[in-house]
Amino acid sequence: MSILVNKDTKLVVQGITGRDGKFHSGKMKAYGTNVVAGVSPGKEGLLIDGIPVFNTVAAAVKATGANTSIVFVPAAFAADAIMEASEAGIKLVIAITEGLPIQDMLRVTPFLKQNGTLLIGPNCPGLITPDEALIGILPGNIFKKGNIGFISRSGTLTYEVVNLLTLNDFGQTTCVGIGGDPIAGLYFVDLLERFENDPETIAVVVIGEIGGDAEEQAAQFIADKMTKPVVAFIAGQTAPTGKRMGHAGAIISSGSGTAAEKIAAFNKAGVPVAKEPNEIPVLLRELLNK
Amino acid sequence: MSILVNKDTKLVVQGITGRDGKFHSGKMKAYGTNVVAGVSPGKEGLLIDGIPVFNTVAAAVKATGANTSIVFVPAAFAADAIMEASEAGIKLVIAITEGLPIQDMLRVTPFLKQNGTLLIGPNCPGLITPDEALIGILPGNIFKKGNIGFISRSGTLTYEVVNLLTLNDFGQTTCVGIGGDPIAGLYFVDLLERFENDPETIAVVVIGEIGGDAEEQAAQFIADKMTKPVVAFIAGQTAPTGKRMGHAGAIISSGSGTAAEKIAAFNKAGVPVAKEPNEIPVLLRELLNK
Amino acid sequence: MKIHEYQARQLFRKYGIPVPEDVLCYTVSEVEKATRELNRMVVVKAQVLVGGRGKAGGVKLARNVDDAVSAAKQILGMDIKGCKVEKVLVSDAVEITKEYYVGLINDRNTKSVTLMVSSEGGVEIEEVAKDNPEKIIKFHINSLTGLLDFQARDIAFQLFGDITQAKQAASIFTKLYKLYVETDATIAEINPLVLTPDNKVLAIDGKMNFDDNALFRQPEILAMREPDEDELVEIDASSKGLSYIKLDGNIGCMVNGAGLAMATMDMIKLYGGEPANFLDIGGSSNPQKVIDAMNILLNDKKVTAVMINIFGGITRCDDVAKGLIKAMEVITTNIPIVVRLSGTNAAEGLELLKQTNLPTVSSMSEAAKKAIELSRQ
Amino acid sequence: MKIHEYQARQLFRKYGIPVPEDVLCYTVSEVEKATRELNRMVVVKAQVLVGGRGKAGGVKLARNVDDAVSAAKQILGMDIKGCKVEKVLVSDAVEITKEYYVGLINDRNTKSVTLMVSSEGGVEIEEVAKDNPEKIIKFHINSLTGLLDFQARDIAFQLFGDITQAKQAASIFTKLYKLYVETDATIAEINPLVLTPDNKVLAIDGKMNFDDNALFRQPEILAMREPDEDELVEIDASSKGLSYIKLDGNIGCMVNGAGLAMATMDMIKLYGGEPANFLDIGGSSNPQKVIDAMNILLNDKKVTAVMINIFGGITRCDDVAKGLIKAMEVITTNIPIVVRLSGTNAAEGLELLKQTNLPTVSSMSEAAKKAIELSRQ
């Protein structure tokens, strides 16, 4: 089993004719993801890597039965693309695009809620259920089928840690990059709940970072609701206050959102927090051998 | 029985300190309506005719359990007042105020829908369930308890016709003035459905006028869904095209919304249409004696 | 409230909707100068607030200055459905590849602003609706989210296959919606919206109406009002709390309530008379209103009898009678006035009116019959 | 992006939020002139983009022109948390009956703009949150409907019992929300909002931050940017596609990805070193980016060693290595540079780098240890 995506996922790529959209459509298809359609207004009729292109998501859904969308369109138009997918009946949207204005996300949120659409991202690397579906810009080769759930706010740090997991023979059920923006779709808690309910997942790794309190909420959720072991890591222990560390969401404001607070919250919830990425597989092994 | 309002109605009057609000609160209370509260920002603590005044509808609902509201506040602020009532949990709002901008009504509509609030009006005389509750500016003395349902887009024309009904011994279950604006809360169809389901109502009188196609829709509904007899009257047979006959909604645009079209629709649905108000009780008697 | 085409074009420009270059002219010499300056083929268009000016000869193509001068001479001063043409718009006559229709209205049933577009432009949309209803695409806009970009684009793609054309059209839809909402419009039509040979999408003829109830917050729109004579009377009545519309008959009506006022007109007609007007004095027994209303009625020289029809509800008939008595003290006329009082305290009211020598009755039909009879004497 | 108090006041005025009269001054003589013209008691306020200016002595009350001149002399040129005061705002010192707090922020959990108000104004809201959390009223605004009038009024009534005061406050909340949304703000604070003895409600100190991601559509806000030296470097880096933040340590880091960059800094610290910066070069093997990044790193004179940490994902490590080789051809430095390559095609990349004589490793921790070691030589 897995969460959110699997062999039944039928993917439509929004912005398929752009540089990134084109490149990663090929990569995803090569991985084995069922990429059924692309969308690029005005390019209907084109084939990209054998994938048919439509003017609108509605047309793509009608023709191909797509149920999941990935968004590569530029930041200024990404919110509209997300809403278009939602209105066309897509139930899961993965927004890769970086740099979406926060107000756009605030307008998108209630719209998706009304339609019952889930969103991952924006500004995220996507997600993968190894050997079934890769939806995003993740390098497929470092992932391995297994039974660890993985959630992260980062991109390359995800690869770093997943690589360590795979090298240590911890395969993954599903790995989700939830993105580095302050207002995003699914948060840690939403995914922890799904992993808790996924029979195949036996433990979860959570990679947090400074800014916000999603990690604190995750810790609370783990303490209250989870039976499966969780290992955490927090990036940004050395980050100064008031400076945005690359991600729009990675900022310590007025002394809140610090790594120390997040680590304390996880410790209080009984979740071991790795001091450095190398320690993550070690802690995981300890917990699973208990 | 009755529809929408009865002895269990607990009314809050929005704009109770204004000239009309004050006057009609007294009238409604005198009729026997359970007026439990008034709202007028900044006037909390006041008593009007023994009715306690609150700053906000939320406070009024909390203190008195009000479940129905009547709005007398000026047109520029009426939409906000309607939404305030809805947000405070009021399930039926009667908006007497005349002159609401249409765009305000368009914004109010989805807001009320989300909260499950029903609206009667704006620009309406209100409604009455004789001997139980009068909510509006209708003259209580002309109504009489009975088993005719009554729906009208007009004010004084309602009184004219109801007076004829009462004089001819046709009492009423509930009489509703739905108002003369193009975009309003409940339309004929919504109320016909309720009268059809009300065991005490045996026949319905519908008073339409030029503009829009609410009468055509009513005719269709009667043909498709109603078992009870209906008598209709349409005002404005002599009205010219393009001129607004007092009510914002009473206008024949591009030759549609004419009295002739509406009369034809009712005739097609088997609903007799009175040529003048005097004929209404005559037609009603004929139908009920069949 | 209606505005002229040239005013609609001003609003379009303000919101970034492309329209051809134009000059508003009041005289033939202004038309000559404007055409010379535009230095292109132009269209001379009558600016009147009624429809059907094209069929009436109020729109003429002019290939050169002489053509334009001769068109202006014909159009200026022309009468179109009772409106005298006092100004014309001299507009760049763009070349047209295809015409489309775009309109926004408030839809009563869905309670939403509705965008209607059609590939059948340049003709009246009512005709398209009758003959080719499948050629009209309707989209109901959610007032909370507004018209979203992808929605505008989807609709544009249904008219234009080409992306650069569709993008221009989508942008026009979005801007027109913004204009519509921000100005409290009730109609905003672009007919035709045209495609030119060089792939430009432009608004040619614009029509906009506005919500009278919202004019209090639309000073810029209100400033565009150019009422004709009849409308001036209506606006004057409105400022006195009266709702008045002039008709063609001879029996003046004064009624409390709009629905009852219409029913009164209908009844006069039903009994063989011709109503002279719609007049709703509202729910008040204020003598000043009765005086104002009577003055408006008597200003209409066609009126040969007046029917006052009052149903007392919250307003008591005796109060109305007192108002009428005061009003009759300052009004001098020999036109017969029939008064009908019914409802709350009608008996007391009718009793009071005996001192005035006005014919009084207690039913509406009686009043109508009496007024018709007196109008013929 | 941050703006000064005087700029926030400009925006407040534009949106109709009442603020005291003021004059921005760069010199003591300007302060003297401004105080003379205002002809009232004034406050002289340092305009710096850091908090805590009050405690640092950057805000002084002046009863007369002499006071103001002496305050200006003390404040202009003062250093507040590393910021030199280059301008002061001379503001009418209104009499204050009571101080309140009003703030708008984006709330991550409810995914909404949240209005926070408190009767405890004039102190930092974080302190109120810690000591008297019950004194903060929070309201989550639905982005589809905006802040409705009745909602603003309800909240205002929780601070002000009097209706005229509550109405003024409600109107300020509504206007501040409009300003916040229309300018893509991330913080809008009025602290304090004050009530004066003559029952006026005014905004005294204003603080606004804006969403960097939205500056592309906010030219007016962008024009208000007044970056300090460090920020100029950050903005310059950003224009080159790099995300750079200067820190105080001596080990320069160049990393692909923000999370990994933070983890790299943390690891350096964990192993006893001090990171000199945060630097994310994004997902590209473009040699120009590596050159630009290296130039920024080496401009920091504190840097004694550089750690390049690349995890190849979609970006292949051999491509990154080629970029590095090209970059090293144009960069001359004797500062040691440790390169870590891991992930896709790491072996090939490390092989290629042998020609550069750069120390190469394949794990992050090894790289951190090596860089620390080299930095101490």
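Here the chain labels run A, B, C and D in written order, and each chain numbers its own residues starting at 1.
Everything that follows uses one rule, which is that a contact is a pair of C-beta atoms (placed from the backbone, for glycine too) under 8 Å apart; a residue touches a chain by one contact, two chains touch by 3 or more.
Everything numeric here is computed off the predicted structure, so don't read it as measured data.
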Between the pairs B-D and B-C, the one where more C-beta pairs touch: B-C
Subunit A and subunit C: spacing of chain centres that average the CA atoms, whole Å: 56
Gap in Å, rounded to a whole number, between the CA centres of subunit C and subunit B: 27
Where subunit A touches two or more other chains, by residue: 107, 111
Contacts with two or more other chains, residues of subunit D listed in rising order: 144-145
Overall pattern in which the protein chains touch one another (line/ring/star/complete/other): other
Pairwise chain contacts under the document criterion: A-C, A-D, B-C, B-D, C-D
Residues on subunit C engaged by subunit D in the complex (per definition of touch): 144-145
In the complex with subunit C, residue positions of subunit A that touch it: 41-43, 55-58, 77, 80-81, 83-84, 87, 107, 111
Residue numbers on subunit C that touch subunit A, as the complex places them: 145, 148-151, 153-154, 157, 162-164, 166-167
Subunit A-touching residues of subunit D, taken from the complex the two chains share: 106, 108-109, 111-113, 124, 126, 142-144, 181, 184, 186, 211-214, 216-217, 243, 245, 247, 255-263, 265-270, 275, 278, 280, 283, 311-314, 342-344, 363-365
Residues of subunit A that touch subunit D when the two form their complex: 23-24, 27, 75-76, 99-107, 109-111, 137-139, 141-142, 152-160, 163, 180, 182-183, 207, 209-210, 212-214, 217, 233, 235-240, 243-250, 254-256, 259, 275-278
